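We just call them A, B and C in the order they show up, numbering each chain from 1.
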Amino acid sequence: MTTTEVLIHDLVEKHGKSRNALMPVLQGVVACEKFLSEEAMIAVARELDLSAADVYGTASFYTFLDTKPRGKNIVRVCKTISCHMQGKDAIIKAIENHLMVKVGETSPDKKFTLLTANCLGWCHKGPVMLINDEVFPSVTPEKAIEIIEEFAKKTI
Amino acid sequence: MSKYMVNLKINNTPIQVEEGTTILEAAKLLNFRIPTLCNHPDLSVAGNCRVCVVEVKGAKLLAASCATPVSEGMDVNTNSEKVRIARKHIIELLLSEHNVDCTKCFKNGHCELQELASEYRFGDHIFIDLVKDRDKVRDISSPSISRDASKCIRCQRCVRTCDELQSVSALAVVNKGDHQYITTFLNKPLNDVVCTNCGQCINRCPTGALYERNYIEDVWQAIYDPNKFVVVETAPATRVALGEDLGIETGVRVTGKMVSALRKMGFNKVLDTDFTADLTIMEEGTELLTRLKKALVDKDDTVKLPLMTSCSPGWVKYQEHMYPELIDNLSSCKSPQQMFGALAKTYYADKINIKAENMVVVSIMPCTAKKFECNRPEMRDSGFKDVDYVLTTRELAMMIKQAGIEFDKLEDESYDSILGESTGAAVIFGTTGGVMEAALRTAYEIITGNEVPFTNLNIQPVRGMEGVKEASIKIKNTKPEWNFLEGVELNVAVAHGLANAKQLMDAVKSGKTNYHFIEVMGCPGGCIGGGGQPIPTSAEIRKRRADAIYAEDMGKTIRKSHENPEVAEVYKEYLTHPLGHKSHELLHTHYKVRKRY
Amino acid sequence: MDQKPLKKIDIIFGWDDKCTPIQVVEKTIKKTPENIILDMIDSGLKGRGGAGFPTGLKWKFCRNEESEVKYVICNADEGEPGTFKDREILDKVPEKIFAGMTICGYVIGAREGYIYVRGEYNFMLKTLQQKIDIFNQQLHDMKVDFHVFLRSGSGAYVCGEESALFESMEGKRGEPRNKPPYPTVAGYNNKPTVINNVETLVYTSEICRMGPEQFKALGTNDSRGSKVFSVSGDTPIAGIYELELGMPLRDFVDEFGDGDTKAIQVGGASGHCVPRKKFNDTIIGFEGIPTGGSMMIFNSSRSMYNVLHDYLEFFTEESCGQCTPCRIGCQQLLKGIEAVKKGERPPTYLDDLKRLTATMKIAAKCGLGQSVANPFTSIVDNFREEIIY
């Protein structure tokens, strides 16, 4: 078995084989691998006795269950109204320039994928960004770069 | 237990209906037609297109009539001002997302959205065109099914069909919001994913988003080519459905008219797949008896039982994907279509003195999977592609119209001979249970010398639209060479529609069943409900086609495959005997394990 | 009109050492379920997620269903732009949520409760699970047959719609279901289910702690009690505030505005935009403009075209996509205002679009599509020039 298959097998052991387990299993895969590869979706489909198209259809509904390859860290900048008013454009621009990527892209060293997100629930402390599961409220362009640099150092 | 009755009013007309009835159903009883798109009688309720909204007095929201059960005292208006405005908006929204190139569309004139649009007489569209360039790329990877996402209205009928009726789920809804659409796993070409080519999705697609890969022009080219000798074969189920696309009532048999039309179109010989259906019974029946002998007398535990029919290419491919461990249970017999092609380009070509390389075999099928089947690499035992083109019943209807033939005015004509004669047993191949019934009529008689013990040879337990049917026949008074079967209870099962097949296969896999022979047809109702049959389809329509099939059987003088004189002649002149050397070479095949994912 | 002046309240985040949430459970389950339902109905508590269904009735309906298995679900899929109060509650006083769920479970006859937290709040899952474990242990020790579980979403606004949330929990696409049946009859796993918002559940446990009288003394006839507001936008004091219901919007602006308030979006992207001229006669409550708690303040430097554009972009992306009015309607509204702005369509096209929103309001399958009309008409009606020029 590949590492992905082992991971999925273990997740299914933990959450069960019923359809109700699908979300936790997919979330578990994304937590480890950052996105759902073709191999992962097939393995999940096999373990839960679903069709691959069904797994793909379900996963693709959810913004955080990416089905496209992603970097080791996923940066999501909130783009909804409050953060828009509080300067998300400048944050995005700063990160784009720093990582030399556009929104939706992954840096050449595969360390970061830059994405935008709909309301992250920090409207009183915008602009806000999420790196993986960690929240960074009230960021400035400078602070955003500093934080990303911290992550870059931690990421091998 | 009698159901609770509910009183309500629809357009001021009172009606009493059973609890649980939807507004849509109740309105229909009063002859108020409410337009629908996502609703289909064979599928679960989705309630997502919203075309069927109606106004319920006192409610703030309009109700989707397909999804809303009636309640006591309800006062429904199906054509109020609010309803009309909303419905027009909804249809127009759908049109704004739909590639409205209707005159270029294969489903032109057969599109439910087009019909609605014409009912509502839109002038200029107010809304902005939203068709995405991405969707304008057609998927023609499959030899059976074509997809045009720019025509898709997201009603999800195909998704529900593939899941609920066929247990395949090759198609899924992906993404959300403005990015939502219907596609395959990772948007792969249809030919590269687990799809059985059954075409049931086509039968239920309201627009031109799903349609058969059509070969109409290729066939005309062959007919026009003076160097080609074009032979056509027609499947059992086409003759009870073709009329529907040519202005004739559902359930009317048009066998003779169809033969006449084919001749007028310019086919050189009009022959019958029913002939090879009879031949299939000879081969498959013998195969069953051989396997039974090996199992019961020789105690050979490598023999795979139950034997499973292999006439339905959708079912065969399903088995190859989903139950590779049961692949050896499939009969090695080719489907009647392919037996026909192999014999046509060998025995028949010789007999009529035509070079096989100049012969074109066209088959008229109720099926889209047959298009895939004729392209299988195994299907070239004549040394050529045994069957060149497969046309659906629908494509044939289009060609008849193109040829300017007034179908309903045609006189009945008969098939050419040889390879044109058939029995009632062959005709019933067209409906679920038919192959089983035909096989039993013959096998029982081979074993005992007597007819099957059912009134008028009609084996009722394997008939009807039950998803999985079972029957047992006790074998009595065997001939001496079959005495090992004396007293044996022959257990058979029949399934139609792949969701039912799955249920049956899971039962077989569990080891708790003791069937000897299983018939599976990939489509609901069998071939009469095939993916190439006229649209629409419903349980009611399928039943009327099946009734017509059984009527055709009753009308035949010969109703047992082994009594078909042309079959006997072919064995005498060419094949020698069932499962003989030539048979193995031309009429039998093998299967391929395919990936489930 | 029945109204109350702006008053800050401290029920939700307050802590009573003499009656902790688990003690509230202990004390409450000595009463009969019927009496607890009566208390809930008496308190006048209505759902705090936005729709405002009377909580006591919901519990009663579910209790009346016959089923071996029932569920309590806490809707913590807080996704409405401008709303962040549930996160704060989950962070500060989750035990009160667990207590509310347990009491609800006792009332309706459910043994399992699930908290469905939006994926954007994944960072708090670990701590939350630890607190759940402690609470479950306490229930176990008290021999209360109820268990709280944690589930998380994965980024889909529409999963805040209750039936979409069930679908998601069942491992499917978060597509709202047809109604009826309603959740109290067939919810999660098609079993009778009470699904309440985070804040509502906290109020239920607080009502059990302090009695319905104290709660219903607050607010107005139609809007009993207090509510947690998420205040953001052009305000010097953005944050979370619990306020008595029934206040005039004018009071709110005076307290939170920056002196230059042009409009307030009440109830988030799916709510209503109230312009300055209507501040005086707008009441915050079920009799006026109900809200899930989002109050977003815009001053005169803001372009209302941009605001509307942001909202429509949000709905276009977050629509589940299954029903025609919402999937295509949202796209048409977004492209429509862009076309008007660019001069590709005449200003009167806005009226065509308004008629479209009227259809969406009554014909969309769920609350998401139905409510897009709210921001659209209220912004277009009050700031038409800003949309056109």
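In this section, contacts are C-beta pairs under 8 Å (C-beta built on N, C-alpha and C of every residue); 3 or more make two chains touch, one makes a residue touch a chain.
None of these values were measured; they are calculated from a predicted model.
Undergrad: Measuring centre to centre, with centres taken as mean CA positions, what chain is farthest from chain A?
TA: Farthest by centroid: B.
Undergrad: Is the C-beta contact count larger for A-B or for A-C?
TA: Of A-B and A-C, it is A-C that has more C-beta pairs in contact.
Undergrad: Where the centres are mean C-alpha positions, what is the separation of chain B from chain C, in Å?
TA: 49
Undergrad: Take the average of all CA coordinates in chain A, do the same for chain B, and state the distance between these two points in whole angstrom.
TA: Centres of chain A and chain B (C-alpha means) sit 44 Å apart.
Undergrad: At what distance in angstrom does the C-alpha mean of chain C lie from that of chain A?
TA: Centre separation, chain A to chain C: 26 Å.
Undergrad: Give me the residues of chain A that touch two or more other chains.
TA: Within chain A, the residues that touch at least two other chains are 57-58, 61.
Undergrad: Which positions in chain C touch two or more other chains at once?
TA: 156, 173-175, 317-318, 320, in rising order.
Undergrad: Tell me, which residues of chain B touch at least two other chains?
TA: Touching at least two other chains: 173, 175-176.
Undergrad: Provide the residue numbers of chain C that touch chain A in the complex, in ascending order.
TA: 78-84, 87, 118-123, 151-157, 168-175, 189, 230-234, 238-240, 269, 294, 296, 302, 306-307, 310-311, 314, 317-318, 320
Undergrad: State the interface residues of chain A toward chain B in the complex, per the touch definition above.
TA: Per the touch definition, chain A meets chain B at residues 38, 41-42, 45-46, 50-54, 56-58, 60-61, 67.
Undergrad: Which of the residues in chain C come into contact with chain B in the complex?
TA: 156, 158, 173-175, 178, 180, 315-325, 327-332, 335-336, 339, 349, 352, 355-356, 358-359, 362-365, 370
Undergrad: Mind listing the chain B positions that touch chain A in their complex?
TA: 163, 168-176, 183-186, 193-194, 596-597
Undergrad: Would you mind writing out the residues of chain A in touch with chain C in their complex?
TA: Chain A residues touching chain C: 18-24, 26-27, 30, 57-58, 61-65, 80-82, 84-85, 117-126, 130, 133-135.
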